[in-house]
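Listed below are the structures to be examined.
Look at the two complexes coming up: subunit A is in both, with subunit B in one and subunit C in the other.
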Partner chain A sequence: MNNAIELRDVSWSAGKSFALRDLSLRVPTGSIYGFLGPNGSGKTTTIRLFMGMMRPERGEIRMLGKSVPRDMKSILARVGYVPERPHVYPALTVAEQLRYHSAFFRSWDRGWAKELMGRLQLEAEQKIARLSKGETGKLLPLLALAQRPNLLVLDEPTEGLDPVVRRDVIAAVLDYVSEASATVFISSHLVHELERICDWVGMMDRGRVVAEMPMNQFKNGIKRLRVADAPATLNGSPFTVLSRLSENGAGSGETWIVRGWEAPMRYYLETVGATLRDVIDLDLEESFVDLLRSSRPPSGGRQ
Partner chain B sequence: MYHPMLFVHWKQAKFLLIPFVVAAFGLPLLVVQGYGWGAGVELGLEAYRILAAYEVWLPLFPLLAASIGAVIALTAWNWDHRYGHVHALSLPVARWEYAAMKMGAGAALVLVPSAALWIGAHLASASIALPDGLRAYPNLLAFRFFLATLVSYALFFALGAGTIRTTMWVVSAVVGLVVGGELVRGVLAMVAPSMDLDVMTNALLWVMRAGGPFAVFTGNWALIDV
Partner chain C sequence: MFESIDPRSPTPLYEQIAARVRVAVAAGELSAGNALPSVRTLARDLRVNPATVVQAYRDLAMDGFVEIRHGQGTFVQDVPRFMRDEERTAQAEKLVRKLLQDAARLGISAEEILQVLSVETGVDIRE
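Right, the complex of A and B next:
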């Protein structure tokens, strides 16, 4: 499978306060890849690394089959980028900003830009300094989409936007993807938003990628099990136990959060003398939170 | 790509530039106020007196040029710094290419106040009747003004291109050199009093004298001269 974005063993540090260590990431071509992580986990830093804005200390980065930062100019001609914070010039009007941005992209689709402007209800002569947060939030994806990119990199594109604007932006992105078969890399900590639209998910915490898998595998593979008579240790388990908690006042009952669970694995539990009482599906947010908890050291301190 | 960049720079700088453009236009007119020599008047003591008085105004021209250069340069990078250069870095343009286009856009803006000064200088020259032996040099003055603004612009553009940290390093290095030079001078004055090694003055003379990078600021700024 081709990867639109590929990071291999990338490391980067900002002094002693924060570091990305041996980061590896694969974003399959044509996928909508949701990049989840709590605030400060390193999502934006990772994006800036593969966007060529920062140089890694170690490791290899490839985008659209080309090397970063060597082939950055040709890569960026095919990438639409929505940064975490607005970067548009406040003294310009919407139309002037579009004209300025379009001058750098040969693939710029003027007709579609105009159509998107109408669809997202942006006024051409409106000054950017006077745009509301929601309007600025619509302008940035418009700039990225009108480039007709092969890859869209969206860094918290709907952060702070109201649900109506959020829906408009996501709909515009999805329409483009279905039409142009582009790859989308979307970073967010709004788990529910990604759950609906992504087919791949990567999770980041404290500068590490803690999980990366197809969304359906992730959603189906993480379960909460209620188990009785569980042994103290599990040997040769076909699934990964992320956490174990004793149930209050339930004797030998425990609640497990497990990854890689499939129905036939209940027989394994019988072989170790445990009884499976219940299998509970978790939504993405619960899975995400449990996965993060299980990946952190017990002390809760920084790694 | 260059034209949109020029347009963006113009949008950023125009309100700040307006007073400077007015000043550049008005300064030559201001300095010739009160000159009422008639044609055929001999270049006598009175003319010398007036020329000497006129020279009081001369430092304003390089000062204005330096200020305009600084304003254009600092507005060139203002927004880029404010947004962490994110937009520039996400464009499919090499960094040097982007900086060169930005530099070129600002250099074109330098023409605006220079043109204002050129027009003002011509109007000022035309408004007075010069005595015999004196001539007006509006084109030379405007050209010198343009060059001085350009030099100032280039200097501040380079300083402004870096991060605050880089700029601080450069400024600290210059201050360090000056202070170090003075210390060396002080030590040498004690060790060998006959040796007068004035590093600061020599350095200043080197950059300002003919052939030095800032010589344009110290040349002849006269609109009216013999």
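Right, the complex of A and C next:
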């Protein structure tokens, strides 16, 4: 089994206002997969589809090598899920919630749940209704982790949490991965958070996957070039030009965003008579923003 | 020791971690027999993927800088002097290349850089 999550040509729509069209995703087993996208791009909808909470109109979904929704029961026994909205009961105490949750999972690890409770500084007798946002933000990943899942699905797990809590949560997840080599699927619009920990990235925009590749490839392959004297059209270019803008005032200078760049490709530019002035590295956030811009139709709005 | 790790740099994190260890060995900051942090500890401290640390340690082991003893940890090897010198040279080259690249971006010539270097270091490096 090479992919922990696999979606093939999945479509789903909510009337005319929102649709996922021919969505394909592959989350390699053992990876920490960062799922990026602006708010409203379809990240949570995608997660709900593969978690079996909604049915696609078309397409095929597999998780942990099994078919969704047919094998959902055995899949869910091995998946730890932190939903976008809390799924806990305000009337219970932390300890009661843990006991309730544990009843659903044969793999539940009581010892570890207790250890995590200490590390994340949660009080067993505290009523859930009285937890702060940060405490709730720690309780949900605790519930998912203590299941000892093969796959963790985290939907914006640190949204709205302060930096200290965010670090505690990420540290607990990384600790589990060190020990259990599980697959982690984590959606966020906090790009910097994902930049450190993920080895794969998938990017969504407006209901489509605009990129999916290993983090290193993504970070190294997308560059901003400053080019002069370039012809209007490029033939047989070894890289993909995502966008071309002329620099203000400065003669024939242009700024390009390119994908698939490698250093020797500068010779290609020479053969078409262009001069390469500079190659600028982009971090994940800049690449993300540039990629989004180039993947959207030029002004004038939708479709 | 790993404070300088920068996730936003285009250099992959595992390369940055490995480079940091090589530099520490070359500079004598780490010596033979010293233990590196466990994968779990370093991943947690740096908040990076444990696989990233594993890859860094594996690369270091391949180059003969460390030895991975299963179940015990990762230990610095006795690195021959010539290898440490090579590492220092490699790092110096990298620094200078970066400096020259940044300078070119600002339109500063190599001649000007040399002049400033002379003044800053007090060493007359021009002929």
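To be clear about the criterion, the second predicted complex is superposed on the first by the 301 of 303 C-alpha atoms of A that agree within 3 Å, B and C clash if a C-alpha of one lies under 4 Å from a C-alpha of the other, contacts with A are read in each partner's own complex, and residues count from 1 in each chain.
Convention: a contact is a pair of C-beta atoms (placed from the backbone, for glycine too) under 8 Å apart; a residue touches a chain by one contact, two chains touch by 3 or more.
Remember, it's a predicted structure, so these values are computed and weren't measured experimentally.
In the superposed model, A:Leu284 makes contact with subunit C only, not with subunit B.
Contacts of A:Tyr89 after superposition on the shared chain: subunit B is touched, whereas subunit C is not.
By the touch criterion stated above, A:Lys219 is placed in contact with subunit C alone, subunit B being left untouched. Of the two partner chains, neither subunit B nor subunit C is touched by A:Arg296. In the superposition on chain A, A:Arg21 contacts neither subunit B nor subunit C. In the superposition on chain A, contact of A:Lys114 is made with neither subunit B nor subunit C.
In the superposition on chain A, A:Leu76 makes contact with subunit B only, while subunit C stays out of contact range.
Once the two complexes are overlaid on the shared chain, A:Ser178 sits against subunit C while remaining clear of subunit B. The touching residues of subunit C, when paired with subunit A in their complex, are 7-10, 12-13, 39-40, 43-44, 46-52, 105.
Subunit A makes touch with subunit B in their complex at residues 51-53, 72-77, 79, 81, 83, 85-92, 96, 99-100, 103-105. Those residues of subunit A whose C-beta lies close enough to touch subunit C in the complex are 30, 32, 167, 170-171, 174-175, 177-179, 192, 195-199, 216, 219-220, 278, 281-285.
The residues of subunit B lying in touch with subunit A in their complex are 1, 3-5, 7-8, 11-12, 79, 83-87, 89-94.
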